[in-house]
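My structure is below; once you've seen it, I'll send some questions.
Letters A, B, C and D name the chains as they come in the text, with residue numbers starting at 1 for each one.
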Amino acid sequence: MNLDYSAEYLSFQEEVRGFLAREWPLKAEEAQLPREDQASLFRLRATKQGYLYRGIPVRYGGSEQAADPLKARIISQEFSRVGAPRELERNGAGRLVPTLLQWGSDWQKEHFVPPAIRGEHIWCQGYSEPGAGSDLASLRTRAELVGDQWVINGQKIWTTRAHLADHMFMLVRTEPDKPGREGLSYLLVPMKQPGIEVRRLRQVTGDASFNEVFFTDAKAPADWIVGERGQGWEVSRTTLKFERDQMGGPEQGLDLFRKIVGLAKRTTRNGVRAIEDPEVRQWLVALEGHVMSSYWSGQYQFSLGAKGESAGVLDYTGKFLTMHVIGLEAARIAQELIGDDALLLAQVTGAKAPLGNERWVNHNLGSLAANMGGGTSNIQRNIIAERGLGLPRDA
Amino acid sequence: MNLDYSAEYLSFQEEVRGFLAREWPLKAEEAQLPREDQASLFRLRATKQGYLYRGIPVRYGGSEQAADPLKARIISQEFSRVGAPRELERNGAGRLVPTLLQWGSDWQKEHFVPPAIRGEHIWCQGYSEPGAGSDLASLRTRAELVGDQWVINGQKIWTTRAHLADHMFMLVRTEPDKPGREGLSYLLVPMKQPGIEVRRLRQVTGDASFNEVFFTDAKAPADWIVGERGQGWEVSRTTLKFERDQMGGPEQGLDLFRKIVGLAKRTTRNGVRAIEDPEVRQWLVALEGHVMSSYWSGQYQFSLGAKGESAGVLDYTGKFLTMHVIGLEAARIAQELIGDDALLLAQVTGAKAPLGNERWVNHNLGSLAANMGGGTSNIQRNIIAERGLGLPRDA
Amino acid sequence: MDFDLSDTQKALYSSVRRFFETEAPPSRLLKIYDRDEGLDRDLWRKSADLGLAGLIVPEEHGGAGLELLDLAVVTDAMGYCAAPGPLLGHALVGMALSLGGSEEQKARWLPRLASGEVVASLAISEHGERWQPDQWTAVATAGRLTASKKNVLFAADADLFLVGLAGGGLALVEQGAPGLTVREVDGIDRTRRLGALGFVDTPCELLPEGLAVAERIRDAALVLLAADAYGGAHRSVELMTNYANERVQFGRTIGHFQGVKHQIADAAAEVEPARQLVWYAAYTFDHRPDEAPRLAALAKAHLTDRYVNTTRTMVLLHGGIGYTWEFHCQFWLKRAMFDRTFLGSPSVHRERAAAMADWQIN
Amino acid sequence: MDFDLSDTQKALYSSVRRFFETEAPPSRLLKIYDRDEGLDRDLWRKSADLGLAGLIVPEEHGGAGLELLDLAVVTDAMGYCAAPGPLLGHALVGMALSLGGSEEQKARWLPRLASGEVVASLAISEHGERWQPDQWTAVATAGRLTASKKNVLFAADADLFLVGLAGGGLALVEQGAPGLTVREVDGIDRTRRLGALGFVDTPCELLPEGLAVAERIRDAALVLLAADAYGGAHRSVELMTNYANERVQFGRTIGHFQGVKHQIADAAAEVEPARQLVWYAAYTFDHRPDEAPRLAALAKAHLTDRYVNTTRTMVLLHGGIGYTWEFHCQFWLKRAMFDRTFLGSPSVHRERAAAMADWQIN
């Protein structure tokens, strides 16, 4: 066990720091560009330098570096330290791209990967349906190959950013005579067409980042299928895995913990600063026990990953601990700390994000939403029990 | 809503108080009798007065009074106030007797009820088996009618007081060709015979109140079956209902709460009396919320019962709340309060019952045992969900 | 000796529940959540016609002269429906006037409160978590008040405010009085709108009775919040049960899954017996005043915690749909958050209950 | 940069686990629980032959010269097996001598401690929950000690005691010294026997270094208790999983029931990631001493709470059999209760961790 970097990596760290000192923030007139353009420009340079999109071939816009988790980690830490733009993590670059690199045709990779990692295409993910939340095998939206086009009919729900997206990657039923998962295919679909209607769904916070998407004879070219017909379930697992990895990381718990501590310093309880209240201190340190466990087990998983080893049940518990133990307990503590600010509703949309304690009301509500992104907590428990511990699957 | 007694009941209360003032404790040379004999003598007099065994016909040794829950309650409260012996609540008087009154033959009632309520026969209950804890339908101990005798082979477990008992009432499989519950009969069996071997099972407290009972060609007379052949399941429900009513009553929670408060007064935490510690006070009042809910919903159930009405889901939640919410939380708080006395093991058997704080270690262990008497907490949850709320039965 | 509601109380519960189920179903609640309508005067008038506005106003002043337990039963039914409206504050102002007003004040205001013609509200909360009578700091001098109050129910719509003063004094201020400004805030529970009041040299009229009345009002309010919380938590258990019996996943209704079943059973076991704690707290308010302050604190702390837990479980169990603005879960989820916070959080009242306990003394 | 055990440490873990699985299986533990045998000298000798007694004793004094992390790995494996014996106190006395003993004391004692020839134990706890160095009150005057200590591991069997003194001083007392009386008590966890010591004018020998060493010993002890707790909690998750895969109820293994499954999953999610918290706490002890006291407190509080929760769930999930003396559940259930209480409860260490936090300062 050694938490220090070796000389090779210390020198790589220096190199990255040097690059960042030169390149971020942008200088002179470049600094006058709109924020998004600055980020794009910087990403291009960082990719050229071999710091971003390291797993993606150069011909698809990546930097094609040998896999080196330690270097990746140093880059991530150093970029984060100075607030430099990192890889896009949205549906396109974060979820579709790894899937295409594994399953896509050459044409698909050439056509879709570069604009996705540059953020030029916005992608949304069409998995959930009203009748099938956690149970993807029972999806009913169907696609039929008519001539050289897929014709799609049905409905998707909980589709983040569908109202902004250019494309969707989706699971559709293409083989009606095959049961459950075997009848599904993984399809890419252009969103801006007459056959697609997007309706926004508001959340309990009043914010609207989800959508329902209705398909009525919507079209997609025949060769926009990823993998074979009936292979959709398998293809989608790549994406789901990336999704799971993205949510509930160990740093997330640490960040949240620091914010809660900050809140306890600013608020009052029983006439003293909340952070001096004996009960609050017990709660905070009890929470910190989970947070530090999550963080250091994350570091362990990272070290194993770097050696190509599996972390066993930890591969399944991490997200559950972060979202369902730490997230819920943090929400509870925050609600205790903010006193009668808990009577306020925070309006979060865009720039109107609240600055007062009422933002913790939204956090409190948001801790419930942890359900939707990656399956409900009960599904997570099943996964821990079945895949992590080898208990039998539900009948 | 009225929590006062009407004039009729106030006068009944006076009558009971007068009786107790005269009759308990025993006077003169009667006061020199062994404690158990004093109790028996007093019970006889109280039964004659119509205060005990009110639901049991005079010819079987009861006092045969008209059902009056309010009077029963007054008797219970007044007897309890002066520490006078009440009805025996053990397997015989508490469980077998109501079952026999409903299902038994005249001969069985005459023969078994009087000695049971006088405490002359000690009964044990033979339900659980090693392979079938909560799942009585899968019992395997069998009895075969050979001539005028049942011949019993098999094994029972978790049998309280089997090492002391004269008789057992048990569920045995008499109809091997019928499935599950339909093959069971309810049998009375004499314990002191060569075909029965009792092995004591110690609990984690070191105490041994449970047993395993082995049957090898054990015998019972043919007419010691209660109800018909194959009706055992139905007959046993009477007993189970009484068992459930006996465990986890609302006063139990109140008693426990008072003891925990007493403990918090005697112990120290963070340099002050524990009862002055802000965190302990929060725990205690939070626990009291459940305790008072349990107590007053018990009073409500009592009032409904007196009117012959059902309390719906409350009929199923009471015991769960007392044993699995209140019991476990009280155990947790006690463990916090006793500090390093938690390192001690209390020896509880008989008169060696511990007087120091280490008795709470046994309470802490005992809160886990709540499982065994009336089914595990998960079974209780199923019952609440299925019978109380109408959710579907497990497949 | 009978610890049960009377037939009249049971009928009252049913009729109030039916009334709000009809007049304010979830579709109506969604409209209220969507549009900043303020007080629904039509609904208020109808509920006043039902007798709710004057339920505990003495009969000689035009009310029904009932007890807190009756009002708690009504509040339980309203909690079940997440019923919108200003009844909580309104009824408490009526109680304060009945208990502590001068004969002239009673004669002037109570009949109009009982009929619902005048809508009243309590203005007691101050900045810095000051909810309790012994914490109030507002001072009235020579019939003039300069102060500010927050968390006032339906501040923009009420006609009459009862304002808490330092030392537990109470004063009446009419809407539109000189120097009175009202600022509405966007509260978490839109069925119970909130606003802040500013008073600058505003004329006010003191009630002859002070602290003792203020404490009674506080205790009554705590019991009513507990009653609302029970009603809502009970409804949440029902909603979960119904959903579990309808929603199909993996080929069967999710009520078949033990995980779901046990979550609902745990909620029911915590919530259902607590209704009788509310009843007993109301009963002590009406008949055993020595026990009442402690029971009120205990009930408010216990029930509102149960309510928050239960509504959170409800949302989790519903998955995505339960988290949408359009679906009905949010009405109870947010009402629970309101009930828990309004008039002081559970931990505040637990510490109060501890301080009042007999184990405190001996 | 590699946050993982070394291959040597992994091998150490496996061999220690295998050793105790073979030498002290549940059937052997039951015998220890049943008969008051005191220290099992045969087992002790064998484990000393394995090198455990001298693991962190410097090589020049006959030990293996390893770090606390290595000892924590051993303790993890021993927690997994609920291994009986005095290693905890013994190893800490060796550490104290290494860190704070005179050259003469080291030369005299360390080789015999490392070989296991001498069994050592810590005598630090005093009446009134005084576990921490700054709470000790025992005073030695002119090499003579009159005091009493409780909760001493294997008090009747140890040959050498390290006694905590007021101000954090440390003194050696030999078994059989004049004025020393030993009283055994019946502890909850019979794999780690306890006794009380009385000293009346008993000769003792001070260590030159005081408080700083005492605090290091305390931190090491906390980390080791946390490691034991992880090992035991991990085993408990395994035992539950195995039982759920074997026990048949209602026609299938109970692992099919979601209720059971989710209880085990919840336990695993809390327990498994906490192993790395133990590692990090040990790592800071070895390499980042500024962070070590806080991490030790945090780890002890967190792990022992997890351990108690998990073993209770384990017993509940086993039903009746889990509650019997004969079945193996009790070894871990009681060990958890021991680990939680010994050297101070989680709430004590949480408050210490809070007091040491950087949020305390700024």
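Note that in this section a residue touches a chain if its C-beta (ideal position, glycine included) is under 8 Å from a C-beta of that chain, and two chains touch if they have at least 3 such contacts.
Keep in mind that what you see is a predicted model, and the values were worked out from it rather than measured.
*Asks:* Count the C-beta pairs in contact for B-C and for B-D, then report the pair with the higher count.
*Replies:* Top pair by contacting C-beta pairs is B-C.
*Asks:* Farthest chain from chain A, going by mean C-alpha coordinates, please.
*Replies:* B
*Asks:* As a quick test, compute the distance in whole Å between the mean CA positions of chain A and chain C.
*Replies:* 41
*Asks:* Which whole number of Å gives the spacing of the CA centres of chain C and chain D?
*Replies:* 53
*Asks:* For chain D, give me the residues that contact two or more of the other chains.
*Replies:* Within chain D, the residues that touch at least two other chains are 257-262, 347, 351.
*Asks:* Residues of chain B touching 2+ other chains?
*Replies:* 270, 278-279, 282, 378, 381-382, 394-395
*Asks:* In their shared complex, at which residues does chain A touch chain C?
*Replies:* Per the stated touch rule, the residues are 128, 131-135, 137-138, 157-158, 201-204, 206, 208, 210, 268, 270, 279, 335-336, 339-340, 342-345, 347, 361, 364-365, 368-369, 371-372, 376-378, 381-382, 394.
*Asks:* Using the touch definition from the top, list the residues of chain D that touch chain B in their complex.
*Replies:* So the residues of chain D in touch with chain B come to 125, 128-129, 131, 150-151, 185-190, 194, 248-251, 257, 259-260, 312, 315-316, 319-320, 322-326, 329-330, 333-334, 337-338, 340-342, 345, 347, 351.
*Asks:* Which chain C residues qualify as touching chain B in the complex?
*Replies:* Those residues of chain C that touch chain B are 1-6, 9, 69, 237, 241, 244-245, 252-253, 255-256, 258, 261-262, 264-266, 268-270, 272-277, 279-280, 283, 287, 295, 298-299, 301-302, 305, 346-347, 350-351, 353-354, 357, 359-360.
*Asks:* Give every residue of chain C touching chain D within the complex, in rising order.
*Replies:* Going through chain C, the ones touching chain D are 257-262.
*Asks:* Which residues of chain B touch chain A in the complex?
*Replies:* 270, 277-279, 282, 395
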